[in-house]
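Taking it in order: structure first as structure tokens, then the write-up.
For clarity, chains are labelled A, B, C and D in written order, and residue numbers in each chain start from 1.
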């Protein structure tokens, strides 16, 4: 288990950090202004984003996320983790480097399970940052934390699949460049429990696809990407849009969600680091009751606890990345479940302390904290709520001490 | 210490609860829709609000907050507490009954310290719900948790005061009906520490008053009321706009903030009760992994802890109200400080559990929780951050065991 | 709901507090010394205890716990609560006033369900403080938190019952004056679930009763009372030792445990108050890093949180007592469950902070904190672990929102 | 940063684990019985201990702790950490392998700063497990968390030092084999703040040394080692007993306490692992309310959280060990402070959950948990209370963002 940063990684870290300082942080408010200058915040992507992407690609800071693939930068998960962390310090960061969810997850699926034609048509434009995509799994009618509950229907009729579903939280669906969704649904309700579901590519301009509305997150619309509630009514797609094969939905999800989860965690660590940094700077420049906030014992406690919690979350994330690199995503499921529980809560605590230290400014839009908090809060739910991961961890732990009667996973 | 609900209070509770069920909850989304139908969300107050106010006033559910005054409904704080709680279950509730912050606080100030002319001009229209008002205390440049830091300048020139200040978080400033602010600022920088500040009435249409922007709270704009950042540049108001007298700013604040704080806490208890109710209903109708969420041990723990925490916060709030009624706001400062620390954190925990139980729906706008959470979060900062109240409590406690050397409050 | 202290209660409070100051606190170490001076700590009760009891009885501070009974002092639960709290400040306090567990619970059972003969033989000497008693419910072999698990067998043979059981945590069994146990066991394994168990009086000198060992609590032996593991082998008692009737074990337990639980909570509040008082005194007399501990922000936070938590626990306890007085122990079960969860954890936190403030002295025997902590820790388990009470609270809460399908309690 | 276990380490792990299973766990209760069989628990060391030591030494499991020294086993801190963890699973474990505090710390001091004569006389017998030692730093009269408060006086008179002091919490002082103490005291009250103190070797049989009493920890006497309160009255020791040089007390402490702290943390991780293991086994064999405890959601949460917290604490400990190995104890001070805060609290939480899962058995002496809990609780105080480490961490963090005005450490 090797956690230190290799010279290659350190060079990337330096480049990325400089890029963030020079290009990303100073343009966060411009991005927001450009959004607001439009008729609606959904009309188009702020031009600054494409400028930043061009620059990032020029500097070789592009598609760093894809391990073990000719398409990526050839970085392992352990190498990518500290870089993803840096990108995550800004909510507009990951897209700049073409490393944003849910596109990264979709690219991984296509890279791993896609046919050459699917890769040509969907993967390459995504890798080039020309289009965006979304992922349609969660449904409003059922507790989707238990994926066997998912009801979307995918029925084969001749050389087409007919899709009927109501999905929501399809993040990125609002983006004008969003061209397709990977949808999870049932192809065979009578198959074995984990072989009923499939994943299929659905172009968003197909007939019968309707974005009903964009869902807010604590008052944030997250334009222009947003989170779509989408109905699919008798949507027809060709057979070749099926990914891998019918009944492989769960298998793909297992592969897809692992990396997606750890990427979220890496970014959350970056968000927490930035919040702590801003807290530390702020409290040295504010006085109350005759002394700087930085010399108040309670504030010092916040700082110490934040440093401790970030450090522990990072080490656990690195271990999970290491396991993914060495024994594979499936064997790393315990570690992935652990960070998925740890990182969002850690980030929420650290950011919340920064908010408290900033006073009312902390809940406003003047600093990155409130928006980062809201984002982190969704990650106690997205990709499986904490409770599901905890239950899985308990089962894995209990199993060590069982002889005769194995617990079902 | 009498905590039970008198027949009079019970009758009000029943009327209010019926009113909420019949008129308020069903119109929450209409209110939002009417806001969105306008050019901007700031153009006017949704018409449904005036309809609801008319109905509430007709039913005698109006100005229930004002104790010991001919202008109010003659309810003590103990009597008002359970009613305020019911109103707080909806974010649009308090205004319906003309019991919303910051107007209630301003009305109390005017009722208690206003001249007959001030009452005629400002208090009566507020009591009638014809105008709105805001309160300008916090400043962006200083840690306003220590009110001695406040820098706004109020200088007497002839028969006028000249005001220069930058204030923010003047809640309600966005409301088109908002006609004046009560502003806190320094009249005498050389006076003793707690006699430097004064409170003065500033009409918002006075020359030199400029609303620079409206501040969001976790992405919520809180239109049409909002939270204004306002500059006051050489604003001139007549001498008679001074409240009570020069140098009385702190004394008024002490009187003003006590009731304001406890009202916030009462409303938070209502918000928590509603979240718990929604949680309980939801979890009985959702299944995951073969059983309803309501039979999952972790969810049951959330419910039990929420009930316990709400109950304790309510009892403490009742005790604080009782102290205010019997020994006065000043002597009740320990109890007020305690609930000010307890109620927001309690509400945040309870609401957060409801969010988690609702899954992604919980962070969206489909339920009241996310917006209530954001509101509750500001109340760990507004009217004094938790840390200031805790420090005061510690000093009061330590003082019991001191003989010779008293600690400064 | 009337929470204030009546003049009668205030007079008792004053008398009790003076008694504690004058007689109890100063003799805590003498009690311990007298214990250690003996051959073993179990040989006899330290003589100081009988002296204190004599004095307490002389002052009319005796058997204050028994509500609605000719045998008690005629105090309601609301009246007794603040007195019990004062007694609980010292671990040797309750016995001094003949108000200590498990005797109080046993006396309540006998007073309520005992025959005249049982009262004459067992209740009167207990009321006089001449004998002690224990309660044998928990068994080592089963999870006794679910009382239906209890396996002890009580079989009628002719005019006797034959008892076979292994019980532990029979507190008080080590006391040389302990003369009988109230034992819970199965008379009819085929009866309905809550009618299988009975309670019966077993003299400790009966043949077949063997105290196997005394169990320590975190290193404390709690001599001379202690916690016994007792085997009952073919123990024969006459039929008249049955309490109330066969199959009434659960019904009696419900009546018995309610008051017992709330008494524990009252005492814990006293223990927490004393710890907070000692903390406050200590931190004003210790300096580190150039200032007194009392001016360290973190210590101030401890004090504030402790005051808040004690206050809330006390109010909830008072409400539970009020419910018991007005609607009865059974209807008060929600409130009793709440304080049973709240009070031990509250006391543990408050006492733990005091320990931390005292440094290493806090974990030693030089102050009351370490022993009080250990005692409080057992009360998260005794009379039902937290988890059982929380589950019950959740069920009660969920039931409010159910129509068709009632949840079993 | 290399965290994985080398083949050498894995071999040691296997040997140690087997040794624990075969020799240590089965003899824990015998150790206690032998103690109790004596006149007093302080008379002699239970014979089983010497048998176990002999066996351990025979197997090459001896003095594994001493890095970079000819006297040790040649293991780095990273290599020692997982081994120390295994030893820590039993409270009698560390001594078996001659790796117990405070002897390890004293051996490190002597190895690093001792003269050849001091090594010959004190270090060699310690390394051989023939004698024991204690460390006298904390004083009852002052807040010793601030070591500049320490008042013990060491005055040179001719060719002797005269020592006057009252020390307590000299752990190990009760051991009949304990032959000397390393005492910290003031040689020059007028020197600079961190050069006033010195460390000196004081034989316990020197005239004027009196063990006043042995201090209990939550009722545990920790016999035969114990925690002594010792007075030193005009105790005379030769000049050659001074360690390093006058005024070097702080410098030695800094070197001594780093390894000591991390060893405690390693052992706590082992204690937590054992508690979690026992919890997992227990809950699969207990039923309540119709299902095994292991299928109760709340219990599963405990298990998941425990696994997560242990894992994170271990990784942080490994990082601290790695820093000590690569950049030295002084540069590793941030990491050491972090684990010193993290490990005891983590262990307390994990063990407390196990206690709760075991019910009343958990607080008794039948399982290792209660005693391990009490031990862990002292480690939130020993070697610096949490609060001091947190304050140091905050200062280190704040310093990163300071330009002009450095904060004093």
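Assume contacts are C-beta pairs under 8 Å (C-beta built on N, C-alpha and C of every residue); 3 or more make two chains touch, one makes a residue touch a chain.
Note that the structure is a prediction, hence the values are computed from the model and not measured.
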| item | value |
| --- | --- |
| Longest centre-to-centre distance from chain C, chain (CA-based) | A |
| Between B-C and B-D, the pair joined by more C-beta contacts | B-C |
| Inter-centroid spacing, chain D versus chain C (mean Cα positions, whole Å) | 37 |
| CA centroid of chain B to CA centroid of chain D, Å | 52 |
| Length of the line joining the C-alpha centres of chain B and chain C, rounded to whole Å | 43 |
| Junction residues of chain C, two or more chains touched | 296-301, 390-391 |
| Chain D residues within the chain A interface of the complex | 1-4, 276-277, 280-281, 283-284, 294, 297, 299-301, 303-305, 307-308, 311-313, 315-316, 319, 334, 338, 341-342, 389-391, 393-395, 397-398, 400-402 |
| Chain B partner contacts - residues on chain D that touch it in the complex | 296-301 |
| Partner chain D, residues of chain C touching it in the complex | 138, 140, 142-146, 149, 168-169, 215-221, 286-289, 293, 296, 298-299, 355-356, 359-366, 370-371, 373-374, 377-378, 380-382, 385-388, 390-391 |
